[in-house]
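Handing you a structure now.
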Amino acid sequence: QGGGGSASPTATTGSATSGAASGSAGNPNDLLAKIKQAGVIRVSTDPNYAPQSFQKPDGTFEGFDIDVANEVAKRLGVTVKFITPDFSAVQSGGWAARWDMSVGSMTITEPRKKVLDFTEPYYFTPAQMSASKKSGITTLDGLAGKKICVGEQTTYQFWLEGTLKLGDGSSTAPVPQGAKVTTLKTDQDCAQSLKSGRSDFEGWLSSSSTVDDAIKAGTPVVKVGTPVFYEPLGVAFDNKGAPPHSELLAAVKKIIQEMHADGTLTTLSKKWFNGADLTTKS
Amino acid sequence: MTGNDLQPAGSLPPHVGDVVLRAREIEKYFGHNHVLRGVNLDVRQREAVMIIGRSGSGKTTFLRCLNFLEEPTVGWVEIDGVRADANPLGARDRGHRERVRRLRLNAGMVFQEFNLFPHMTALGNCTEAPMRVRGLDRRRAEELADRFLAKVGLADKRNEYPSRLSGGQKQRVAIARALCMEPRVLLFDEPTSALDPELIGEVLQVMEELAHEGATMIVVTHEMHFAREAADRVIFMEEGIVCEEGPPEQVLNAPEDERTRRFLRRFLNVE
Amino acid sequence: MTSAEIPASGSGPIVERIAAARRTARRLWRLEFALVWLALVLGIVWVLAATGNVDLEFVQTWTPFILGGVGFTLLVCVSSIIGAVVLALLGALGRLSANPLINGLASFYVSLVRGTPLLVQIYFVYYGLPQVGIILDALPAGILALSFNYGAYMTEIFRAGIQAVPRGQQEAAEALGMPSRLVFRRVILPQAFRIVIPAIGNEFIAMIKDSSLVSIIGLQEILWRAGTAGRPILKTIPAFLIAALFYWVLTIIFSFFQERLERRLARSDVR
Amino acid sequence: MTSAEIPASGSGPIVERIAAARRTARRLWRLEFALVWLALVLGIVWVLAATGNVDLEFVQTWTPFILGGVGFTLLVCVSSIIGAVVLALLGALGRLSANPLINGLASFYVSLVRGTPLLVQIYFVYYGLPQVGIILDALPAGILALSFNYGAYMTEIFRAGIQAVPRGQQEAAEALGMPSRLVFRRVILPQAFRIVIPAIGNEFIAMIKDSSLVSIIGLQEILWRAGTAGRPILKTIPAFLIAALFYWVLTIIFSFFQERLERRLARSDVR
Amino acid sequence: MTGNDLQPAGSLPPHVGDVVLRAREIEKYFGHNHVLRGVNLDVRQREAVMIIGRSGSGKTTFLRCLNFLEEPTVGWVEIDGVRADANPLGARDRGHRERVRRLRLNAGMVFQEFNLFPHMTALGNCTEAPMRVRGLDRRRAEELADRFLAKVGLADKRNEYPSRLSGGQKQRVAIARALCMEPRVLLFDEPTSALDPELIGEVLQVMEELAHEGATMIVVTHEMHFAREAADRVIFMEEGIVCEEGPPEQVLNAPEDERTRRFLRRFLNVE
């Protein structure tokens, strides 16, 4: 799985392994040492989000996040076991050591930083506004006073409600005047609603790749305007997890930096996001 | 009228009138079990007919066939000019169902287990069918009900629910309920066998009065003393046929049929 | 207390002394029982407080918002239970019908709806029906799905209730010449209703909680509001606890009324 | 068919002719019934196909994956029902206990667990218990939560079952000098079990579907797999339809066995 | 032995032996309803005592007090040297419960409604208590059961379940079940009143045999003929006290007490 692994230069892999080896020389109680001993790192993922994470009919996982996770594990010298808990449980911390790491396109936000430790962003998702064809709206301002659908508890909802605080301090576009929020269980349910022929709302805000896929699947929407913000997405760790994890955090932070530097992430991004490089905001 | 009248064995008591109920060649199978094997019966107005016989001889089944609570396999029944023929597959035949319903209007039934409607008072039990089936208005239905409740000695219990009545009282309400339809014939299936000995007296007394006042009735019973006193005619059944029939003195004291003799011997032994 | 003392001590007639002793014992029992509950509730609160799940500020801020879902939950439940009762009545009649078409339809409905998850049904009513041109708002869609779902389960309850009315009741009504519609409406149904009241109460309690599934189509009932309140500030467990408390209180209140109703019916229900 | 023809036509004894006519009618009825089902199934398939929800390629690709959840669902349900029965037995004993401590504990358990949503309970067992040091894997956590939840509902079923054993049974056993444990184990319990089997079957069917809630803790049962397969490619409805079909088939199979078991028990259960 | 023996009214029949059952000053209140007002009874070995009296006079209650199925309010009972005192609040007193249990071992009870265990065969009903209470091994228990089943004429029904036995057969199995504990005293509460007239004979015959073979028994009955033939002593109860007591010829034919006379007059009237 994940062609991304073969794209990475062997030399980089070697250096990461040596870095990790020096870590294990440190604290034998650190999560890093335990993972290495087990040879497996448990990574949480929510396979409801293509192309970041989804399942093949044989039950194996694939997607951008999956490739990133596999590459990180490879550079740590271990293999990955994917776990699929409810997203709300992942983001609230208190993992009870059931999994070690989240590579789940989690937006780095201020509240989450209180319970989770994040690496630097490994990529950025553009938040793309779209409007139903029926509404005839073609600009962001056209959505003023209209209803906009978002997935429950997503950064998109928080942005619309004006409570979004991105963890990297980056700014966001202004919300269309008087826009009303409609939430459904997931982003895809908004698309499903429009595709079913319902017209409970005019706008839909989701990641640009989700919007692209929905358009490809025949959902009657058009993109309006440029991305309203870029979500910084990082690898996360439970910050009050029982075994100390500072060495693991340091090791993964280093690996992410290396993956940015050696172009691995760019390659993977282009592979999964229709040739777009989302590793930087642009 | 279709049927030729049967000649009852023995002479008729003087007070009886015309034939009101005719049953001809009633046969009944339960599956392959031939329970009634051709029973004929004519009952005249003001006649009290008692049916006796051992357990399983078909007494209850015959009584239930008379008002089609059990559909006979063969034969027909005519009550007060309404005739219904056996129609063993007629459950979905509307015409048949309607005929049976009209026939039942003339045949009041009193069940062994009372079967009072528990969610209605004594009065409600008595007025329900008169109001909704005979179409009487409430005032007239209640007048009628009060009259018959008084007759069975329960004028003061008219507003009680069945759960607050004793067994004998329940059975008497059931009799009043049947009387309120003013049927031509009353059918009783062992009306006292669900009662304890103390309560039997109440019910038998009411029935004896009814008999003396000239109600037409057919009673399945195990109470030999009662049969002896109140019956105009006693019928002894065995294995789905009528073995012996006649005035009570004859059937009960000097039975001709060997099976009747054996039955009565066993029976009186026990008591 | 050892019981040997009771009859010996005290004055007054023995029956008074026994009654007094019984009363004391009963009061003591109730007290102990209440103390057990109190201890358990306090224990739970203590554990929750100790693990930092009782955040008074959070409770203060968000309780009104979550409480706002109670009216919504009740609206959905009450409407749905009414719809379900209507569907269940029709369904039960169908399941007992001798007509293969009606019977087939009813049993298909029961089988299909009981055989598939409520979540799928809600999803289907909201996102699937628009494909054939039926576009319902979230509220009617949720009520429709819940009505159909519970209607199927309650069909079986009603059917059992109707079948539990003793056969003698129907026979008694038929023997009075009542046509079958009247028999059903006046005799069978009122008795069946009494029988099924406890089961319907259970369904209502279950529905109070199942109604949380309608949040999948964006209806803001209790549990959804709890999730919404808790998640952004990563307090899912405290929020869920508040929701659970509301549900619990709702069911306790409802159970109380249900028990009273049952006891009232039980009084007049003795046959 | 009109029934009047039957007794007249054909040869052989009447009972044979009636039986034959009944058999034919019954066969016809079953045929019509089956045709209704067939028509409904085809109708549904047709509507689904016409609205483009039957995507054969999708079905082919994803059915095995979704099917993979069946074993999981069954594992969870069977384990949970066993756990629930054990809890329910203890609970019912507690609810019937004269000891206020035990009774209080049992009734608190029932009230709390029936009063709060299963979803919250699952969430709590998996994410809440670790706060007090109890860390369970998803599978045991799910089974534990389901067992506790259904155990509470089934406690009430068992209690009713135990209370439905006629009081005379206990008295008869006590009169034989059996100590109370023996009375319960040898006389009450076996009879209570027979009474509650149908209700337990219903709970199992309900659980087959409720078990889908365990997906919140990452267990990949049928419904979760369907959602995962369908959502990313906006084929949620076809995916849910496949899941619904699996659930339906599961419940039909289970109902079949349940009915057989019930009928077997019913045969020897007549008192 | 604690109690001073009572002097029974009239002379004792020659075949009786020592006193095996003593009941002293038995009083029983149901709430404020004073049902038994101080009843004394001594029963000697091989004596057959029949209790008669009108409905509600306390006969059943007295019989049930003898083996503490009903806890007396005042008084004590001693059977074969095991004495238990009234302990109206003793439900949770272990010592009392154990004494009562041992007392019951010597008092076999045959209930009006049979109360056979429906989930055990006739043989199972008869061996259950001997094996589990008396500690006999299976072989010996079955020998004993077969002997007593043969005595009541049911050797060939040993492997039938109660649901497949007639009323008279059920009652006879119940008698065999009581006999298998080889109790010193047999208690019968209207053993024939739940039977129809045909079946009464079977049971009375067995009881008469038992009486002639010298079983010690106390029988509550409405069967005057039976009392006259099989009793050594007849007791007439009224409003919770013993009004008259003596050999059957005396009590039934030449009663001294006015109430007895009135009762017998009413009673014989009905029959």
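Going in written order, the chains are labelled A, B, C, D and E, and every chain counts its residues from 1.
One rule holds for everything that comes next: a residue touches a chain if its C-beta (ideal position, glycine included) is under 8 Å from a C-beta of that chain, and two chains touch if they have at least 3 such contacts.
Everything numeric here is computed off the predicted structure, so don't read it as measured data.
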Omitting subunit D while every other chain stays put - resulting connected groups: one piece
Counting only C-beta pairs in contact, which pair of chains has the most of them? C-D
Centroid of subunit A to centroid of subunit D, CA atoms only: how many Å? 40
Taking each chain's centre as the mean position of its Cα atoms, how many Å separate subunit B from subunit D? 48
For the pair subunit C and subunit D, the C-alpha centroid-to-centroid distance in angstrom is 18
Each of the following residues of subunit C touches two or more other chains, namely 127-128, 131, 236-237
Which subunit E residues reach two or more other chains? 92
Where subunit A touches two or more other chains, by residue: 89, 92, 189, 192, 196
Can you name every chain pair that touches? A-C, A-D, B-C, B-D, B-E, C-D, C-E, D-E
Subunit E contact footprint on subunit C (complex, rising order): 2-4, 6-7, 14-15, 18-19, 21-22, 25
Which residues of subunit A touch subunit D once you look at their complex with the stated criterion? 47-51, 54-55, 57-59, 83-86, 89, 92, 94, 96-98, 186, 188-189, 191-192, 195-196, 213-214, 217-219
Show which residues of subunit D lie in contact with subunit C when the two form their complex. 29-30, 32-37, 40, 47, 51-53, 100-101, 103-105, 108, 111-112, 114-120, 123-124, 127-128, 131-132, 202, 205, 209, 212, 223, 236-237, 240-241, 243-244, 247-252, 255
Using the touch rule from the top, collect the residues of subunit D that touch subunit E in their complex. 98, 166, 168-169, 171-180, 182, 186-187, 190-191, 194, 268-271
Any idea which subunit E residues touch subunit B in the complex? 54-55, 193, 196-201, 204, 222, 225, 266-267, 269-271
